[in-house]
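Take a look at the structures listed below.
What follows is a pair of complexes built around chain A, which joins chain B in one and chain C in the other.
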Partner chain A sequence: MEVTITKTDDKNMVVLNGRIDTTNADQFMADVQPLMQPDAGDVEIDCSEMSYTSSQGLRVFLMLQKSVMARQKKMVLKNMKPQVKEVFDITGFSNIITIQ
Partner chain B sequence: MKKRFDPIKDKSAEIIEYLMSSPDMPDDEGLLFKIRLSIEEAVENVVRYAYQTGNGWMEVSTSLDKQNFDLTIELRDAGTPFNPLDRDDPDITLPAEERNIGGLGIFLCKQLMDSINYRYEDGCNILTMVKSVHIA
Partner chain C sequence: MQAYGLDLHCQMIMEEYNAMLPQMRKMQEIVEQQLHHIVDENHLYVNAIESRIKSEESLAGKLLLKGAKYMFLSDITDILGARVITFYTDEVDKVAALVEKHFEVDWDNSVDKRKIYQLNSFGYMSLHYICRIPRSLYYDEQHPEINEMRFEVQMRTALQHVWAVMNHDTGYKSGVEVPYEHLRNLTRLAGMLELADEQFSRIRREITDYRRRVQGLVSSGNFDEVPLNGDTYRSYLSLHPFQQLVEKIAAINQAEIINDNLMPYYDVFVALDFKSLGDIERMKTDYGDAAYQLSVHQIGSTDLDIMAASVAVLNLCAVYILKMGGGVKGLERLYNAMGGTPEANAMRAQNTFSNAQRINLV
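Right, the complex of A and B next:
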């Protein structure tokens, strides 16, 4: 899993590449820490190259969502593969996270 | 096919890959995605929580019923007796502030597989997951 974060004025453009699973969920959590800082702006995540996530990945997305809401910013996940989207749908995460 | 892993500490990835390499697995990307995710969640549950000392063994197997194309995945461990199916499903209608991650893994297994059963037998936790892999 590769996480690329590009920061502009008040927005973080994020690109995820690969799988989030038991082998790298902790690393993924560490990689997104900059997006949870008090002064971090909005978050836009390109998920087009994210091929898989387990519940451990969902846990990180939930923490991101809570962090963004707490500082009254917005997060959007874009271009999600249908199989990955289904995991967000089944777990109700599609209702609490904006997916476009 | 069947294999016993001992010890299992930090072996999740190896156990998952062993199961996914089974000749019983279907040749269908969508099905494999669901099967892999269910296996990962179930294996992680055992590796992380089954043994209080953090270590012990797990035996895993796959079998394919060639009559009706039911794939069965079985996990067996001798850890603390625990039925993961007893746990309440997470409330997936809650807002983000009130959501927590507990129970999400086994809930995914329930949703993605056709059936999932637990029994405690001969001092072992036995979790059995079945998925129809018949491709019309």
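Right, the complex of A and C next:
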């Protein structure tokens, strides 16, 4: 799993590459820590190269979403593969997190 | 200090005024702070709390007109004036009761102008209390005059305030003759504002009564008697009506439940032409098992152990739509109502429809 963060003005462009599962969810959490800092701006996550997320991955997305909302910023997940989108759909996470 | 053409007596009052300004500013701070405190503490939602110290020019004007009436500065009770503007007439009384409790009211000089208007006239109606700061609220032995000086608190509704400001703007009270026709129009306007004030209070009382009645019906379980609207649906949600289904679905994978907002489903129920909370209850009874079966099919074969509570309502609505013959298009409308892109929702609708077919729901 690779996480690339590029900060531009008040927005963080994030690119996810690979699977998020039990083996790397902790690392994923550590990788997105900069996005939870008080001065972090909006978050836009490109999921086009993300092939899977487990429940642990969903938990990280949820924490990230809460942190972003607490700062009154926005988070959006984009370009999700159908099999990943289905995970968000059947768990109801697509009603919690903005997916485009 | 300018002379303003005042006589010696009035000039002495003006000198006293200038000497007292620091204490007046302290009084203003105390009074405004206390008014904010009592309004907040009693959960009153008021339009504004404001205060001002009469300017030197304004005081000079007053002294020019009726200076002989005042022996000392302390005889003038509106050097410091505070105002609480409420939204509703009954809240004027609530604020007044609190002012009586928290300040010393000089009853001999306080006026309820709401009670002294003439039978054949309307207009400037507000409640004016002349008060002092009690020692229990603030005391500085260097400045006991802070507890001796009086100040005025005006309490009025927003519409009474509008009237007062407009009336003042017309110059009605300036002593300049205003033509009869304008006075008549002002009086008509005042009557209209008074009626509007009464109507706003009456409507609020009726809405409050309605909400209480509905909450009673919801709590007693008489759902068929409760029409579906934003208020009743909110009360209904406070009973956690979907919790049993949520927990049953979560038990499939021993999933952690994330409680998300179920209010957006109100629009879905309206779109489904549900008229009462009883319609939602019937949907639960008739299709709860099918919604559970759909969830088993969706997540039973995965190791996903976290879910949003709204999954239960969403699948309940999906099953209802399919059973009513809504098909894939009906599901698309459901998912579009919950957000996301039309393309993704079309795919999602197709997935749900396929799953429902596999378990013979359609």
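A few comments on the model shown:
Assume the second predicted complex is superposed on the first by the 100 of 100 C-alpha atoms of A that agree within 3 Å, B and C clash if a C-alpha of one lies under 4 Å from a C-alpha of the other, contacts with A are read in each partner's own complex, and residues count from 1 in each chain.
We take it that contacts are C-beta pairs under 8 Å (C-beta built on N, C-alpha and C of every residue); 3 or more make two chains touch, one makes a residue touch a chain.
None of the values given here were measured: they were computed from a predicted structure.
Contacts of A:Ser54 after superposition on the shared chain: both chain B and chain C are touched. Applying the stated contact rule after C-alpha superposition, one finds that A:Leu62 touches each of chain B and chain C. Within the superposed three-chain model, A:Ile96 lies in touch with chain B and with chain C [touch as defined at top]. Legend: residue contacts after superposition of the two complexes on their common chain; A:Gln33 is shown touching neither chain B nor chain C. Look at A:Gln83: by the touch rule set out above, it reaches chain B but stays clear of chain C. In the superposed model, A:Thr23 makes contact with chain B only, not with chain C. For the contact definition in use here, the residues of chain A common to its chain B contact set and its chain C contact set are 54-55, 58-59, 62, 87, 90-92, 95-96. Chain contact summary for the complex, chain C toward chain A: residues 255, 258, 260, 264, 298-299, 302-311, 314, 338-341, 344, 347-348, 351. On chain A, the positions that touch chain C within their shared complex are 54-55, 58-59, 62, 80, 82, 85-87, 89-96, 98-100. Within the complex formed with chain A, the chain B residues making contact are 12-13, 16, 29-30, 33, 36-37, 40-41, 44, 90, 92-97, 99-101, 104-105, 107-108, 111-112. Within the complex formed with chain B, the chain A residues making contact are 21-23, 52, 54-56, 58-59, 62, 65-66, 69, 83, 87, 90-92, 95-97.
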